[in-house]
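Consider the two complexes below, in which chain A is the common component and chain B and chain C are the respective partners.
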Partner chain A sequence: MKFMNKKRFGSTVMAGALALSLAAPAFAANNTSTTITGAYTDIPIAVSVPTTGTAQINPYGLPVTITKSNDTTVDLVGQQITTKPLSVKNQGTVSLDMGVSSFLVTPAGDISIDTAKDAGKKIAVNLEVAGLDDTTLAVSSDSENLDNLIIDAFADEDSWASAVTLAAPAFAQGATASTITPAHKDNMAVLGAVTPKSEGFTYGRKSIALFRLTGDLAQEPTTGTPAAPDPWKETDGFSAAIVFKFTPHALVDAAVTLDQSSLSLAASANANLKATFAANDTELTVTSWAWATSDATVANTNTSNTTDTALVANTGAGSATITVTATLSDGSTRTATCAVTCA
Partner chain B sequence: MKRNMLFCVLLALVLPLFTQPAAALLSNQRATIVEAVTRLPVINVIVPSSVDVMINPLQMPVQVNGEEVRDQIICQPSFIANASDAALKVDITVTGAVAQKSDMQLVSSSTGGTGTAKNAFIYFEIMQATESQVENERVPWEPAYDASKHLVVKDGVAAAKQNVVTLPPMTKDYEIAKNGYAAFRLAGDAAKDPATPWNTNDGINVTVAFTFTPLSYDEW
Partner chain C sequence: MENKKQLDKRLVAVIAVLVLVIVGLVGFLLLRQNTIGIEDGDIPKVGYAANATVMLDQNALQAAMDEAMANAKDGNVSLLYKNHAYSEDGTDFSCYIVNSAANKYDMFLTIYADAALTDQIFLSGLVPPGSGFESITLDRALEAGDHTVNVVVTQVDTDENGAQVIKNQVAHTMEFHVSQ
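Right after this comes the complex of A and B.
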């Protein structure tokens, strides 16, 4: 009997447990929840940055000859601080914004760093970053000619026309680096993505940015009053520490704008509207322009016009909207409008 | 033994901390160190250490480079050459001295070859020269003294002129540029028939000091 009681008890417990387990979905049906566990995942960036570089304090801007792998040479000339070619290459499939999170120039010898030169050995040092937009650089990652192309671009002053500049902070002679706040700047260049291929990748025309140090200094420094010559010495120099920062670039779509978003026309008057296309981060181009008016009895324009400029004429009092439509190389369109008020 | 082991473990943990960069980089950062040193121009100019000049008051014929010359002051063209990596501005200082046993005098204006005093008018002339002029030793000198270009040699007095010529730097092949030369000479005139005749004690020593100043690339 005693044994039978134990078995019955066990059966009862099991039956209860089974009933509870079956009932669970019914209980849960009134209290649904999902737990999402989040953890930071480092997204690796693929970007090539030289760890070291060399520069010269070159008071007379004498030519510095760079020899390429094919034994031809180019000269870097007229720069009082001459940097040998340096570049940053995006090797990933995501476009990157390139900034500088820290830029500090530590002087050596008799030099001190400031925002402007003086008659002595106080010099100004700038970091220049120039994002390239060059189809000749859209080469395979294993191209032997890439370094030569970069040297050519580096030596060409046109490459630096739109360079973004960051000035080194003042650093007095004998000061310690820990007391100086480094300079920093975001968005100094955009590095375009590369295109993967079976082996390696192909650089885009915007995948590479150049950087260099430039500056301003006295050609023949003096010291004291009255001024006595204080010639440059080979021991005068500096060490520049640059920390680049890369963040994914938010692509900017192609857009069309008009030179005027609103226009008031006197009776019988007319005016020109000019449309401008910006490819931004796309490779698109305009294949045709078209102009339209919301009310030709107020503001009229030639709807057969296919240029980027249109004449708008006052044809009657009231308000109308002139719309320009650009058809792009991929077949898509972009528009811009101008609100016209006619007297 | 246990203490030693503990010490070693601690040391192994602590040492790597000192080998890390001062500011550790984030995964989206990359660092570059650019070291700069000063480049000084190398000034290397070939300058003749001595030049001969002949006082020839009677305008006797003298052979110079295969040509007969009858000038009263005869000086073969001499050259300086810029073998520097920088363009150079040239300043000059010219100081004359009459030879110790001579009773001649250096005067500040042309004698016209006349007069009874034993006078000589001597001036220093320098001009840019080309490689072919150096090879042929033929220089298109000014036909007469020009105060704006030339320096009169005076006894015991230094005369100076700034920026008399600019010499371009050596070529990329480290050769002297085609116009990287300057030619100089002494020229002038002398009294043909002074009361005290010219003799072998008469003569001059002229010291020409060249000062070379580098020019920036943009300046030339």
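Right after this comes the complex of A and C.
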């Protein structure tokens, strides 16, 4: 199959060549390639994306075995749509938000696509993206073992526990693609930055996301009423197309929150406050907790308490503020407060 | 005597300019290899489950996976670009799109104004790894405002017969901005 719009491109090439013969220095700025040597103020997006893949519709979820480069194997089991291990890797020094601007599954044969399967050949197809957080993947870019580590992660269902799912839009049998609005979703994963080194770079533990197609379909489809067998045929199938969207990720700082931002205590009453730490895009951890009150004669708490939970007691009518301070592994602190009103 | 020296210098300068123009032209023609007639072999257009079919037989399923894993070699494309491109007139855009030096194959770009990949607004020549675009001229002008365009990156390989074939394809979005 020839690539599209060749005549149009041919005329463009001819026009470009003619223009060049008149003004050779202009070619670098007019649709032609040139070696990039300049300094750029913005950091470019650098990401490795797998290309055209294959999938198999596997109604019975039969196991398939993947043999790694070290001749060990892993099995994919119970997946009604099976894809080879697919992953996206950030190769730049900025974290990226990975989204999908277009996801469209075009059915073939007797199949139609919908958000849920039926007893016949209406099937559901989903795109799943799982951002990884795995220190074993923080390897050099030229590591020969990286592909094997990714295969292991892909085959481990635990990797998919927090996967973000995007359902393919309904696509009736015989419909044309131009009438279907593709599905899209931003922020399906955050790809952590890599660390440059003298040659190449080192992946971070969050630099890689897995993706796959999954689905739900009848093992033995039927048709009509009363239901008659409508066996799967070799001509039944689909094609899926994905357009990626990558944008620099706005880093989210570590933060502490309390389970209650305000609290009313009856006379002589008390209540617990629970603090929660979120590392977000940092690698920080909490090394210690501290609690304080703005007025111990109104709302008191044990200031020697170093846990993430504190008991607050009503010691007198009025208002006071309870503050929890988390000291982090880099020595910095984060705080959260609760306004306490005591009867 | 003085006049003759000046004349010689002018002649040398003219010859040098001519040589530079010729070298530039040859370089252009070599770099801008035609993307017409590139065969895509068994590789379909942008997709991640091209022609997925039903498989009820364990051996056939395993064979399909084995083939997919074999094809996965050199199956990744390293993208290197900036998300935003800018234009004053809607046609000439300053941009940053590079065939990453990490790639093995030449590539060409096709840019579409629509998500259905039907409204083509740009098609490049072949770009070797390590080279790219700092500016492009679209086939038609985009209106003033912001446009999300779809960039299809196609890598090209040479088969055993010496013919160019499409090796890999991926697609991503970019934001094109035209001044009001």
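Methods note: the second predicted complex is superposed on the first by the 299 of 343 C-alpha atoms of A that agree within 3 Å, B and C clash if a C-alpha of one lies under 4 Å from a C-alpha of the other, contacts with A are read in each partner's own complex, and residues count from 1 in each chain.
As a working rule, contacts are C-beta pairs under 8 Å (C-beta built on N, C-alpha and C of every residue); 3 or more make two chains touch, one makes a residue touch a chain.
Worth saying up front: this structure is predicted, and the values here are computed from it rather than measured.
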{"item": "Contacts of A:Gly61 with chain B and chain C, given as first, second, both or neither", "value": "first"}
{"item": "Contacts of A:Thr73 with chain B and chain C, given as first, second, both or neither", "value": "first"}
{"item": "Partner chain in contact with A:Val49 - chain B first, chain C second, else both or neither", "value": "both"}
{"item": "Partner chain in contact with A:Thr303 - chain B first, chain C second, else both or neither", "value": "neither"}
{"item": "Chain B versus chain C, judged by how many residues of chain A each one touches", "value": "C"}
{"item": "Which of chain B and chain C A:Gln91 touches, first, second, both or neither", "value": "second"}
{"item": "Chain B versus chain C as contact partner of A:Asp236, first or second or both or neither", "value": "both"}
{"item": "Interface residues of chain A shared between complexes with chain B and chain C", "value": "42, 44-45, 47, 49-60, 62, 64-65, 81-83, 86, 101-102, 213, 232-247"}
{"item": "Contacting residues of chain C [partner chain A, same complex]", "value": "20-21, 24-25, 28-29, 31-32, 34-40, 43-56, 58, 61-62, 64-69, 71-72, 75-84, 96, 98-100, 102, 110, 115-116, 118, 120, 122-128, 130-137, 139, 148, 150, 154-155, 166-173"}
{"item": "Residues on chain A engaged by chain C in the complex (per definition of touch)", "value": "1-6, 8-10, 12-13, 16-17, 20-21, 24-25, 27-36, 38, 40, 42, 44-60, 62, 64-67, 76, 81-86, 89, 91, 101-102, 105, 108, 177-178, 182, 213, 232-248"}
{"item": "Partner chain B, residues of chain A touching it in the complex", "value": "42-45, 47, 49-65, 73, 75, 77-78, 81-83, 86, 88, 101-102, 109, 213, 219, 232-247"}
{"item": "Contact set on chain B toward chain A in their complex", "value": "23, 25-41, 85-86, 169, 172, 214-218"}
